[in-house]
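In order of appearance the chains are A, B, C and D, and numbering begins at 1 in each one.
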């Protein structure tokens, strides 16, 4: 039950993109095609899960430790360390993606390295830290948050594929329309408030 | 066969061919027009409107009138500013339909600025920004209703007691204000505010008895309950829905699957945890479920094209509605559910496309 | 009528036009058109290679004389419809909008005919002999596609054929030519069917007729037994007369996408073609005339005429005593799939089943309003495509999406554009996409 | 305090080292060879992705240039300086592109056509061409619904009086319009040629005359007076674009085309823009 609540919370109620408004840059940048959105979703889920797990371990066992009877509290290093880990992870994913799926690599373009500074990933890590979650919980939370991001991205990209065939006034064509659509989508997610 | 007899060529009118129009086939078309479709929808909407007027009086008509006028005006203004044909766009009737649906989704006594903001939300943000009728992925009326619900929650939840609601009604008793008794609550909001009992004992069974008993359900059916203008009178909604189905304007699968899914989910939950949610019949008869299932979820533009797609769409709406009603903060979830499922429609369309003729070689019943 | 136990057959999807317009001319018995002074016989009257003209200006020709010889297997002979003098090879407006070559023949008023070819006793004759006769007489599909009949009747040996279907559905509104033919000359139709089945070496013959021609069904049923033909009443539904839909309605088989009727072990022929086959084999005369419905709300006396090929449309309109007002549209063929013309000089051909004149109010149809995704086109498409989605993609220039969604399977039957409440020119969009995709495929 | 700092430095340093090693390992295992020159050339190209070079887009063309399949000069859009820059960067021969520009070989705007067709349907050249050939009587001329103008990546074509007119100063000769035109009215001609025959119809003179006031009647006047510069094929005069020197304004005046189908490009533009009622007779 606890895990269901965790999942519903991360995917629907506190959706990273549509409720917390984190990670908007790749959300807008990679949502033009459903296929690239799916690829990006996979990458983000992987990065978020791994990053959450590793940062949780670091937070738990490296930042506060007792050595020689003295307790060291290094939590002020939290953001620095998290960014370091996330950056490294993204680098690894980028390198392996370039080899395994050059097409997707090309399509994701600049947005892949941008996951590094994607506030959604850092957000998941810091939320885990401030929420005091165990390593398992933190990992799951990261995974579910990634799924939530993926849901928003897939929904949004399919909508944008349809909007591409629409005939909006020129002032609204492209990104303005995408932002309006994202806003309406966010309104729909407000309805889930209170589920957990 | 006989020899042709008319050989006199003196006084027959022969064509010159000067005004011949060249176009692609087909050269005949059905008399159906977009404006006629919208007209028929308006006709069907008259029934819930009449129900609302009967229960709430002429102020309800005034609200619907305001939303309709504001919607049409907003549409005209936009077209004027955007340099699109004003007359043609307004006359297709879609703005009027949006306006009436939005009006029927408002409480009977709302200040005039609510219809105004709603109309702008619906027509500008919900529709015209996307390029006008047909391009909007979200139902404009639903966009406006959700927007109003979020932005002006106070104004959108002032419920007037309908005709026939006397002091015995739990709604009145619980929410009588010290000054006067002009407001009441909706059955759903009472259900939402009732603490949940997560057991299956006597207390759980009694938890919702006050608002969920056969006597009251009958009154709910006829329309004696707090709520929005269009959603109170169930028989009127059903007549309108039957009309729509007869006119072939909506896919019957949408309302049936929508309502069915809600009934099944609330039924199951109610069976195991009667203290968590009222009976499925209560859910069907209260709130905007029926109205939304018949008039809002079925909007042609924003629901899937194929029958299979419609079933998925309606079931999704049903699931989200039930979840929000049972566990969510909001007492009512239909608007959010429809808005969310609208976003899913492109995906549903993609996965539920038709199988073109001739792509499977053998079928049953082949001679 | 003698209602058999089988129910009325049909296919899935399709539309039900509200106004058929058939009552304008279905009661008018076929009349033989008087001899005209001048005929312009289009050379390319068959799908495939156009025949090679063998007459030149100044030549004297007789009725039934060969004026253009088939230039290959997928090609058909062309005969003179009249006796007279060839004035020259001229350019006339073509039925599809592209100007066409035509042999202009000035009648000498005598209407002298060559002696007919000897009658063949088709019940005993060698199928090859029958096939040769049909080829010699220049038969083509008279339903519209004008595919040479002898080609259709000689399927490649690896294709097994077990059913011959005669298409008497005549699902197009307004047209009544096939109806009159079945009513007035059932023996020719049935004999033609029997001849064709003998060529194919099969004995399963169906004639599909829509239920709005009950009198024709009765007449045919009365006489069909001796020819071994079964009459199948079909539901009044458009496009019942499309090959693939007809095969599906009668046999329940699906023609695979991109395939031909023979891939469903069927051969489909038009009623008119069958009657012409009987004429060719029994009476020994080539195809130089056919029944044409001249009709429309503005035609003064709509009716059916036996017109020689090459009759200018204006003359056909004169036969119908002209018009009541200036027409806004001239259509060769039916209103759903026919071609609108820019001038009245266009001549009739072997595949012209109707000449339709619409009033000016009825002429302008397409407004290109926004698609409201009502799904009527999807419900109506006999090929189970999604015309609305296709058109949206095509309008944005996304031919790749259209191709993925099978636009190439579109029949251009017009059902989608007929039902569209926004009056979108869906068929034109599909045509454009098909042309574009074909062009791209050729490039590769 | 100092211990805390040491601990922080240690932890950061160790973590950085470990992660660095992991990345290094991955970089070795998943090594992909790419040619950095492709990116360089892509950046130097105009990036219009017009396809004038015959490749799918600029990056595709860059790849072919780096691989030596195409000389950089094959890009019709780049200026001479840009091409030299690419050639210098790669150390190859710039190659000579044949600088071209588009000409709409039709002068039949809405004021010049005699016969108009009431066309009802999609407002798009290719669609109209399928249905009896669109709103003008002539089957060979410009349909004037602007499919080319919509596709031109440089905005060089404008529809004036239902006729596509090329803005010469904007046209770079990529050929997108010529590929789009369903009737092949648009031709790519050498940049330096200033005189064109604004008619594309191979029909006989009287037939053309029925449709259009400014058609080439095939009277051979131009061929007679300047045979080295104009050729009449069938019933249609053509400018010999190989001629050296190319025909000039003086030639046009000398010939004095009776219908005004033979014009300089600037005069044609002038007529369509300022003098729509223009006609010689």
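The rule is simple: a residue touches a chain if its C-beta (ideal position, glycine included) is under 8 Å from a C-beta of that chain, and two chains touch if they have at least 3 such contacts.
This is a predicted model, so every value here is computed, not measured.
Engineer: Which of the chain pairs holds the record for C-beta pairs in contact?
Structural biologist: B-C
Engineer: Report the chain whose mean Cα position is at the greatest distance from that of chain B.
Structural biologist: Greatest centre separation from chain B goes to chain D.
Engineer: Where the centres are mean C-alpha positions, what is the separation of chain A from chain D, in Å?
Structural biologist: 44
Engineer: Centroid of chain B to centroid of chain C, CA atoms only: how many Å?
Structural biologist: One centre to the other, that is 47 Å.
Engineer: Measuring from the mean C-alpha position of chain A to the mean C-alpha position of chain B, what distance in angstrom results?
Structural biologist: Taking the mean C-alpha position of each chain, the two centres sit 35 Å apart.
Engineer: By residue number and range, which residues of chain C touch two or more other chains?
Structural biologist: 97, 339-342, 363-366, 425, 428, 431
Engineer: What parts of chain D, by residue number, touch at least two of the other chains?
Structural biologist: Counting only residues that touch two or more other chains, chain D contributes 117-118, 120-122, 127, 130-132.
Engineer: Considering chain A alone, which of its residues make contact with at least two other chains?
Structural biologist: Residues: none.
Engineer: Based on which chains touch which, is the overall arrangement a line, ring, star, complete graph, or other?
Structural biologist: Shape of the chain contacts: complete, all pairs touching.
Engineer: Tell me, which parts of chain D touch chain B in their complex?
Structural biologist: Per the touch definition, chain D meets chain B at residues 117-122, 127, 130-132.
Engineer: Can you check the complex and tell me which residues of chain B touch chain C?
Structural biologist: 1-7, 9, 12-34, 36-37, 92, 94, 131-135, 249, 251, 300-302, 305-306, 349, 353-363, 365-367
Engineer: Where on chain A does chain C make contact in their complex?
Structural biologist: Residues 164-165.
Engineer: List the residues on chain C that touch chain D in their complex, please.
Structural biologist: By the definition above, chain C touches chain D via 96-99, 339-342, 363-366, 368, 425, 428-429, 431-432, 435-436.
Engineer: Quick one: which bits of chain A touch chain B in the complex? Just the residue numbers, please.
Structural biologist: Checking each residue of chain A against chain B gives 34, 154-156, 158-159, 161-163, 166-169, 172, 177, 180-181, 184-185, 187-195.
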